Amino acid sequence: MKKAIGLALAVLATSVVAASAQGAQKGSSAIAAGVSCKGTMKIAFLTPLTGGAGFLGNEQGSWAKYAVKTLAPAMHLKIQLVMGDTPVEQGAAVAQTLAQKYVGDRKVVGIIGPSTSGAVVAATQTFFQAGLAHISPSATKTDLTKRENGKLEGTPAFFRDVPGDYIQGPTDANYMIKTLHVKKVVIMDFQEPYSTGLAAAVERTLKAGGVSTTRLSASNTTTDYSAFVTKVPNDADIVFFPTQKPGDAQTFAQQLLEQGKKAKVFGGDGSNGPGQFKAPGSYVSNFAPDITGIKADAKIIAGWKKDNPKSTVGSFGPPSYGAVQIMLSAIKRACAADHGVIKNRHDVLRQMKRVKISNWILGGKFAFSTKSNDPLNAKFYIFKIQQDGSYKLVG
Amino acid sequence: MDQFTQLTVDALTLGSVYALIALGYTLIYGVLKLLNFAHGDVFMVGSFIGFGVLQLLGGTDNPVVPVWALLVIITFAAMAGCATLGVVIERFAYRPLRDAPRIAPLISALGVSFFLANSMQLLFGADPRNYNTFDLSNGALYLRGIDIGNVRVPLLRIITIVAAFVLMVLLWFLVNRTRTGKAMRATSFDREAAAMMGIDIDRVIVFTFVLGSALAGAAGVLFAVRVPTTVSIGFVAGLKGFTAAVIGGIGSIPGAMAGGLILGFAESYTQGYVSTKWSDLVVFSILIAFMIFRPQGLLGRPDISKV
Amino acid sequence: MTDSTPHSSSIPASGPAVGQDEWVARHAARRLMPVGPLRTVEERLRIVPWWAWLVLFIAAMSLLPVVESSGYVRRVGFDTVLYMLLALGLNVVVGWGGLLDLGYVAFYGVGAYAYALLDSDKFGVHLPTLVAVPVVVVIGAVVGFLLGLPSRRLTGDYLAIVTLFFLQLFQTVMTNGDSAFGHNLTGGPNGILRIDPLHLFGHDLTVQHQGVFAVSYFYVALGFFAVVFVALRFVNSSRTGRAWRSLREDPLAAEAMGMPVNWLKLMSFSFGAAVAALTGTLFAALNASVFPLTFYFVLLITVYTMVILGGSGSQPGVVAGALIISPLLEMLRDPGKSRIIFFAVLIGGVGLAARRSRTLGVAAAATIAFGFAVHELARAIDASWVSGEKAGGFAGAVDHWVVHPAQLASWIPPVSYIGLIAATLLVTTLHGRLRLVALVPTLYLSAFVWENVMLAKPEPARYIVLGLILIALMILRPNGLLGERRVEIV
């Protein structure tokens, strides 16, 4: 009796498995129908909203929301912005799962982000295979768009509106050589993708320029950098400190003073944080100039400030505004080309590269380079921190 | 030589904070035989309480009280806050499990640790909090100090080290020279026998949590006056503190102090002379070596299980 | 559900057996005797052998890709199967061996990295899947064995800390492994990319088909699951399995009876690690990339919650744990679903409890009335207090019940959240009438906090839920949903 029931169940179940495996193969090849441009379309933003880099995602998110709110009606589009959280602490698997989620949602026609280079690497294949364009406002790792070390980590579906570390590294290093006339530089990295890539790029240019360099690596659990400060030679001119936590750069600068070292801290785009990193005499580089100095942006800034009364304009926000602007323009072009219905996500992807923007939020005009999915003629800016903690553009 | 002196100062600052954390572990383990995984997160909460009170007092730009009073107040506030937190954790997460199999309170402790870290993130976000002690009296805490050879030991580090040692001496006095301390030691030696002798075990345990958590709170402030704190520092800090406690001999108070300092020296010298990347590996190797060759630690007594 | 332990299911028929305490057996039989209205159904169901249940379960699972064409849901389904595998492996160490292994997810990482090194362009090695997977499993088992060696003399808490350090060490080695001895072994923080997909029956298994998650991996994972489940079941009912249980119940007594305690510990470590490593190959092959930070503390806690919730020691239990927690964590990402889950749990919980005590039903009714009253009061004072975004849950009833201001003052989240914790703790200490009275505002406050504080930040909120589940389970029901209750012999 017992055996008979069991056997019957087993046969039944096996046939179900076989049947479902058959059916599933068919189901997955169904192509999503078109999306009407009159209805609501979605764009999703993958960025760290929580975790150590949460400040970055929240700043970017506020600008992206503002951009959708103001630009979409002007372009006669109904757009809903969906935020996806990719905390840097949890590695790349989160970005992959979220990518699946958005690919599975028929109404998602474009992606902003992922914001961090590691997450881009993890998610870009999924987006590419779905023909879904994604544009990051802050992932600067060189290998994402350029085949520099023989391996390309991005896909043709990946775009960015800020230049990569292949520009930032040499820009910073050349500034150190030509303007600061450095002899000895200590370069730190923090054993995560962003800093190791940037540190290597700076090191290469400095070495080529005949500067003596020392490389120090900190593990990702390091909280107290005292021992690193001790290792900085007394005659070092600069400590290149490409952290993603501006507060750490501040502490490092203070500890240098504490130990009577003359070296100044030089941070990358991740060290920008006027509230947190404000040690006078330090340098930071960034992909965006201070947009509060751009006259054409005054209206945008005022509007954003109204929505975010307690926040100050940082450097990560404006490129996110720009990324949304590019994505919306591509969607609009696709809508026009397809006569009001986006038949396929590829259509948006195809339009991305053709987008040109005349009043670019970071100043001047915007277009993509013909050789890669990077912005044309973009450059990095260098700021020096003043006595009162403000950032002054110096190069 | 200068580098050696400098690294030694670093090691002392680091080690005294580790020692304070380790003391909490050791005390609680002593009376309850429980590995309080949440201890590192109590430490983290302490650093945030310190930050909050600092802002209430006008922050470092514009303090409403003198600098010394400011430092004292934030330390005591953190100690008081953490002591309360410790008591609550003990009462609700550990006490119901006192007679459960040993694995149960450990898992509960993991849950508490995870709960605390994420609750703090929910309420206060993931942004690092910087005390900005450099702004106090124009950086005097950093730029003034005692010169040893060519190396200047800044005031802030001296304050950290001295404060930690004062707390340790106080604790030693409390445990070895008072009635409550005696009750603690008796409970730690044999809980059931102590109960039969008329010692109120619940009170002793609560008192232990008050002491241990207050020390963690103090450690949190002493740590965060120099380095920005985040909601996620508890995990690693707890791990280091526990290692220090094991090295010194868990359950032994002088052992925890020694263990903390050894760990501080090991980390600082490894980063200074060997490699900055692999210092965690060195710490781990020390721990494993102790586990294999001297499981009772430097100053602990061997554990004899009674049947 | 059949019981995973062999002795209890075989008792009623065969009577006392060798190697088994008669009293314990009778106690177990009594405890497992079905009671209540569903008694006959339950008795009938018990006739069905365990393997039929397993086949039925797998059949039900394999229907998922048929009824659901969304790539996201399929992906979550795949992740759930991975979690089921991880939970089965952890169950060997924690549930059967009674060892608190906090380095468990490192073995998952070991498996993923081992597969990545054996099947990618990294060193140009491309082993066939049918060779690589067994090799990885052996590597996992060996690493587990090696970690067990220094730990074999350690008891509960020391073992926990050594294994936790092992996890930390794994992180350090993987992130710094890009410059170990001058060679780039692990890709460091950049991980290893372009890992080969699994290659079975002459085909590369594709992960995606036009960007939609293809189902081949899902079925492969289910197959692995079935194999692991059956294999572990046989291990558990063998001599080793019985020895593990005695080790878990009382290591000292086990040693006194002449059992090779050290060897048994090493065995359970090895088995757990091997299962984790096997799961790691699937993870690496599917994602085509591995990064160090994936295998860390959050994942560890997640798998632990699954095992504890389901009932450590019971195979169906831990599988159920994974089946609940994995989709739950996904749904909590989405505020809409998160809200529904919260109110469903709230209503369900109160409803279940009210079955036992009539007064609780009164309290539930009072809470509902209380909510509408507070909501109306708030609206009367200041309309902006209730003008937050309308959620539309439960036909809009929730919108009229919970106060949801458009703009939260910055002091509200900490005060309400900490107040909620304090109120909850207070309720647990009160008794009788007082408790019921205190329960009403506490329940309402919990809804307020969930709506206004937790929903705004899904990421920490999800993990807070995990932490709470762990603490509450340990106190209220340490044996989990389906776990076997320990028989205490005094």
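Each chain gets a letter, A, B and C, in the order it is written, and its residues are counted from 1.
Following the convention adopted for this analysis, a residue touches a chain if its C-beta (ideal position, glycine included) is under 8 Å from a C-beta of that chain, and two chains touch if they have at least 3 such contacts.
Just so you know, these numbers come straight off a predicted model, no measurement behind them.
Distances between chain centres, each the mean of the C-alpha atoms, put A farthest from subunit B.
A summary of chain positions shows that the Cα centroid lying nearest the centre of all protein Cα atoms is that of chain C. Separating the centre of subunit A from that of subunit B, both taken as means of CA atoms, is a distance of 37 Å.
Subunit A and subunit C have Cα centroids separated by 33 Å. Shown for subunit A are the residues in touch with two or more other chains, namely 50-51, 89, 191, 217, 219, 221. The multi-chain contact residues of subunit C, meaning those touching 2 or more other chains, are 168, 172, 176, 179, 457, 459-460.
Within subunit B, residues 121, 236, 277, 280 each touch two or more of the remaining chains. Contacts from subunit A toward subunit B in the complex involve residues 50-55, 89, 191, 216-219, 221, 223-228, 230-231, 245, 247-248, 250-251, 254-255, 257-260, 276.
Touching subunit C in their complex are the following residues of subunit B: 29, 33-35, 88, 91-93, 96-97, 100-108, 110-116, 118-119, 121-124, 235-236, 239, 242-243, 246, 277-278, 280-281, 284, 287-288, 291-292, 295, 305, 307. Every residue of subunit B that touches subunit A in the complex is listed here, in rising order: 3, 6-7, 10, 13-14, 121, 125-128, 130, 134, 139, 142-143, 151-152, 154, 156, 223, 226-228, 230, 232-233, 236-237, 267-268, 271-272, 276-277, 279-280. Subunit C makes touch with subunit B in their complex at residues 94, 98, 100, 102, 150-151, 153-154, 156-158, 160-162, 164-165, 168-169, 172-173, 176, 179, 252, 297, 301, 304, 308, 413-414, 417-418, 425, 428, 453-454, 457, 459-461, 463-464, 466-471, 474-475, 478, 486. Contacts from subunit A toward subunit C in the complex involve residues 1-3, 5-7, 9-10, 12-14, 16-17, 19-21, 23-25, 27-31, 49-51, 85, 87-93, 96-97, 100-105, 118, 121-122, 125-127, 129-132, 151, 153, 191-193, 196-197, 217, 219-221.
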